[in-house]
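These are the structures in question, set out in turn.
Here come two complexes built around chain A, the first alongside chain B, the second alongside chain C.
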Partner chain A sequence: MKFITKTDLSAWIDAQITNCEVVAPIEHNGHYLYEPIQSSREIDWSFTRPILPVKEYFFNPTEQILTFTKQWGNVTIHETLQEDQRIIIGVRPCDAHGLKVLDAMFLDADPLDPNYKAHRDRTLLVGFACIETLPTCFCTSLGEGPDSTDGLDLLITPINDGFIVEPVTARGEGLAASMGWVDREIEKPAPPEMPIIPFPEQGAWEALFHLPIWEQTAERCLSCRICAYVCPTCRCFDIRDELIAAKDGKQEFERIRVWDSCASEAYRKIAGGHNPRKAKAERLRNRFYCKFDYFPSQYGPLACTGCGRCIELCPVNIDICETLNQLAEVVT
Partner chain B sequence: MRPEVPVAAIAHQADKLLSPDWAKVVEITPEAEGIATYWLELEDESLRQRYRFAHGQFNMLYIPGYGEAAISISSDPEKPDRIGHTIRFVGNVTRAVSRLKVADQVGLRGPFGTAWPIEQYKGRDVVLSAGGIGLAPLRPVIYEIYNHREDYGKVVILYGARTPKDLLYVNEFPVWEEKDIELMVTVDRADQDWTGQVGVVPMLFYRARFDTNNTVVFSCGPEIMMRFVVFEGLARRIPPEHIYLSLERNMKCGQGMCGHCQMGPFFICKDGPVYCYEELEPYFHLEDL
Partner chain C sequence: MNRTEQIQETARDLLEREKVNCVIGYEPGSRGHARPAFIYKAEDVERLTWDETCTHNLVRYLLKREDEYLAIVVKPCDARAINVMLAENKLFREHIYIMGVKCEGVKVHGNLQDRCQRCTQRTPVIYDKLIDGEPATISYDTPVGEIAYKQIESLSPKEKMEFWLEQFDQCIRCYACRQACPICSCPTCLYERDDSHWVGIGIGVSEKRAFHLGRAFHLAGRCVGCNECQRVCPVDLPISMLNQKIHQEMQNLFNYTPGLSQTISPLTTVLSPEEVLP
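Let's look at the complex of A and B:
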């Protein structure tokens, strides 16, 4: 096994920082966040699950797609795509799984999403296996695990006195080549276990549409949309036009795409006032159906990675596991 | 699994995501109060020559600074260099459209979506039932029938609007009728000069005569109207695979990514807007899907 000490790994990270942008988990006001760092000292090595998934670096919360200059009625378009390399360190396997889900819809689509693809191509993912889990974690129920390498370029597993380095892709091999690792006989620690959450099979959802569970669960829902924003697979977006402050007689606009969520009341409203998903119970139900029924039938993978963020951050304690348990009971 | 549905091939796909091409307004035809047809020509010469669309597809029209709206194409697919959009001024973008003048620029992405499979129904009777602005996406079908009238059997248009003043394309009614296209018009509320029908569109089925064994029904209008159109169609033993509906939802990207128009396992912008009722049946009765 390839073994690297913390000092050597930090030195390697610092060397990368001189070459390209490096994003890593830091601690901020009691929360962990993925942020660009200037030095490996900023990394909080004891991080658990950052509050936002790495999705935000591929499908940005607000992303400029185009800018327009309008002068004397003529419009000029400037497209904005970034190409410089970037490394994200400390990606949790559930987030890498989330990117695989997003790939199925942004990259396998025709036409594909050029902005998402540009970010995907320029970013290397250095994963961190989870050696302990949070009470809300349930990734094993969704087919992945705390030490899954799926979607990562390189996996790092923390052990007592250092880290085990496992390259996954060719790009990961390239990264590992520049690391100062030594070969050592070590046993990889067994991944932590977590409860298995049952959920209805894809074909079983049709029968669950009219259950009172939706109304009951949604009673306390605030439609605050936090569940969608912290979800590694939620990918709805809105497209907006914003005016940039006028410069020398020119009118400049930017087209931005921003995260949106089906929990929002205005999400489906159309001109003329028709709103096909008015009640919040219907919107909450749609979240479950999208993840476990519609998304798999449209793109293949289930749109949930079991990261547990929506459970932890829901202000009114709506628990996806609790609801899935209830639904599974109805099915059996 | 979804049954195989006849879908027209998309002739032109935007090669850039969310980035529009520019078109000039060449003519504006007022149709009714708050409704006008905007005739657009793509500015790029080669694009204008390549651009093709099928009956019932739509474009995303873009007004810089306001945003985009999904507008169905209401002109003749055989004349794709001059693209007509009949637009009702109801929302933020369409109100900005209402302030456009001839020679102004509009952003255009498209065409998107599925099409009315009209050419597969040559030799059959055709029933077109439309409510309000729902006649606009059916007008390409009327052009097709008008241009090749001998290819189709009996053709009946069942059309309704709120008031006689809201009826679209009234100047073309005599032209259509000359080509033996039967037109039945109803309004919700009559005015003093109205001598026609008063009532809802599905009721017109009771007066229409067509060969129910050999008929296709195309419908576009408010969803509640289409529910009853389907009901009347099925009651006349028209099989679900010969009933087609065009649906509407909030659309942002037009490419099945943004999620807004998701209806069950469909994206209306990509898998629709035109659906075969057979395919839609398991979902159409679910309100608030």
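Let's look at the complex of A and C:
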């Protein structure tokens, strides 16, 4: 196995920082976030799952899709795609899984999303296997695990005195080539275990649509947007043209795409004011159906990776595992 | 009887006599922290609980249900929010039955909340039934939040601006702070981004700054200091410090504490009938 010491890995990271943007987990207000770093010293190596998934670097909270200027009826459009290379270090396997889910919609289905693709192409993913799990983690129930390599370019597994380096893709091989690793006889540590959460099969959901559980669970929902924004697979967005500057009859606009959430009250409101998902229960139900029925039937994969963020961060304890357990009981 | 039993008994009595159609209280959550519970039938009252994890301000759930008769479990800080909402005619006193709990503070992840470290009340200012207990007398070191607050106060205006812009930068504009707030009760929030004419839709620093500073001003003399906004924030931004700052100013100028009685904030403009557009 390829083995690298912390000193050598840090030196490699610092060398990368001189070439391109490097994003890694750092501590902020007592939790972790993926942020651009200037030095490997900023990384907290004992980081747990960051509050926001790496999704924010591919499907940005606010993405400028294009800019356009308007003058005396003439419109000129400029597409704004980013190309600079970037490396994200410390990607958790559940987040890499989340990107595979997003790929199914943004890349594999028509139409291809050029902004998402540009970010995917320009970003290398260096994963970190989880040697510990949080009480809310349940990724093994959704088909991946704390040591999964799926979706990553390279996986790093922390061990006692350093790290095991495992390239996954050709791009990952390229990264590993410049790391100062040595060959060493080591056993990969067994991944930590976690509870298995049952959930209804895709075909079973239709029968669950009118259960009272939706109303009962949603009654305490605040209709905030936390659960969608922190989810590695939630991908709803809204698009708006906003004025940036106006001068001498020339107006400059930007078209931006921003995160949206099905939990918010106006999410489904349509012209004329009708709202087909006016009730909180209808919106919460949509969240579950989207993840376990609608998305998989349209694009393939289930739209949950078991990262547990929505459980940890929901202010009123709406717990996806609890609800899935209850639903599975109804089905069997 | 302990407080859980008193709450259950009161709830059972109210539901059996059909005095209310729903009791809003707390039940044990799935991960060791209590959560809001809505009880409609007397046989369900055993779900209700009281413990030190009953952090939520349930007054939020009274709003937009004016036609119903509701009972609610409140802590002293929550009770002040009821007073503010009553003064603003957003609740009807005769429609709500208040179970006021004597409280010695609530905890998140085992930590006594900042608001509780500052609290001097322990007994709700308004209730129909006092849920009695013996709030332990706890002595505290200077609360952590107080230290952080003083630290920000000591900064220069430029440094303050830098500090807050850095905080707002981390905000994800999830609106959880507003959604959990018992006072943010406007039919359409000025800073709502969907269909907005006033703020941009972007999750950018300028939109977030407008929202946070605007919200703090809208809550001047109305914020009861329950700190729900800060508790629910997924990225743990110290936003309640903004409200605390305005509260300090209100104290200095008007010696006014929101929610102690049913009075409108000295900063709230009340239009006389002839000033209102037909």
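As a convention for this text, the second predicted complex is superposed on the first by the 329 of 332 C-alpha atoms of A that agree within 3 Å, B and C clash if a C-alpha of one lies under 4 Å from a C-alpha of the other, contacts with A are read in each partner's own complex, and residues count from 1 in each chain.
Operating definition for what follows: a contact is a pair of C-beta atoms (placed from the backbone, for glycine too) under 8 Å apart; a residue touches a chain by one contact, two chains touch by 3 or more.
In this text, all values refer to a predicted model and were calculated from it rather than measured experimentally.
*Asks:* Please determine, from the superposition on chain A, whether chain B and chain C clash or fit.
*Replies:* fit
*Asks:* Determine, under the contact definition given at the top, whether A:267 touches first (chain B), second (chain C), both, or neither.
*Replies:* both
*Asks:* Residues of chain A touched by chain B versus by chain C: which partner has the larger set?
*Replies:* B
*Asks:* Once the shared chain is lined up, is A:240 touching chain B (first), chain C (second), both, or neither of them?
*Replies:* In the superposed model, A:240 contacts both chain B and chain C.
*Asks:* After superposition on the shared chain, which partner residues are touched by A:188: those of chain B (first), chain C (second), both, or neither?
*Replies:* neither
*Asks:* Classify the contacts of A:65 with the two partner chains as first (chain B alone), second (chain C alone), both, or neither.
*Replies:* A:65 sits against chain B, while chain C stays out of touch.
*Asks:* Give one of first, second, both or neither to describe whether A:316 is in contact with chain B, with chain C, with both, or with none.
*Replies:* After superposition on chain A, A:316 lies in contact with chain C alone.
*Asks:* Quick check for you: in the superposed arrangement, does A:253 touch first (chain B), second (chain C), both or neither?
*Replies:* A:253 contacts chain B only, not chain C.
*Asks:* For A:114, is the partner it touches chain B (first), chain C (second), both, or none of the two (neither)?
*Replies:* first
*Asks:* With chain A's C-alpha centre as vertex, what's the angle to chain B and chain C, nearest 10 degrees?
*Replies:* 90
*Asks:* Of the partners chain B and chain C, which touch A:6 in the superposed model: first, second, both, neither?
*Replies:* A:6 sits against neither chain B nor chain C.
*Asks:* With the two structures placed on a shared chain A, what shortest C-alpha distance in Å links chain B and chain C?
*Replies:* 9
*Asks:* Touching chain B in one complex and chain C in the other: list those residues of chain A.
*Replies:* 238, 240, 267, 269
*Asks:* Considering the complex alone, what residue numbers of chain A touch chain C?
*Replies:* Checking each residue of chain A against chain C gives 28-31, 33, 51-52, 61-62, 135-136, 219-220, 222-226, 229-230, 238, 240, 242, 256, 258-259, 261, 264-267, 269, 311, 313, 315-317, 319, 321-322.
*Asks:* Write out the stretch or stretches of chain A touching chain B in their complex.
*Replies:* Those in contact with chain B are residues 65-66, 68, 70, 73, 75, 77, 79, 105-106, 109-115, 206, 209, 235-241, 243, 251, 253, 255, 257, 260, 262, 267-272, 274, 276-279, 282, 286, 289-290, 293-294, 297-298.
*Asks:* Any idea which chain C residues touch chain A in the complex?
*Replies:* 29-31, 33, 35-38, 56, 60-61, 170, 172-176, 179-180, 192-195, 200-204, 231-232, 234-238
*Asks:* Contact residues on chain B for chain A in the complex?
*Replies:* 13-19, 22, 64-69, 90-92, 94, 104-105, 107, 222-223, 248-250, 252-253, 255-260, 262-265, 267, 282, 286-289
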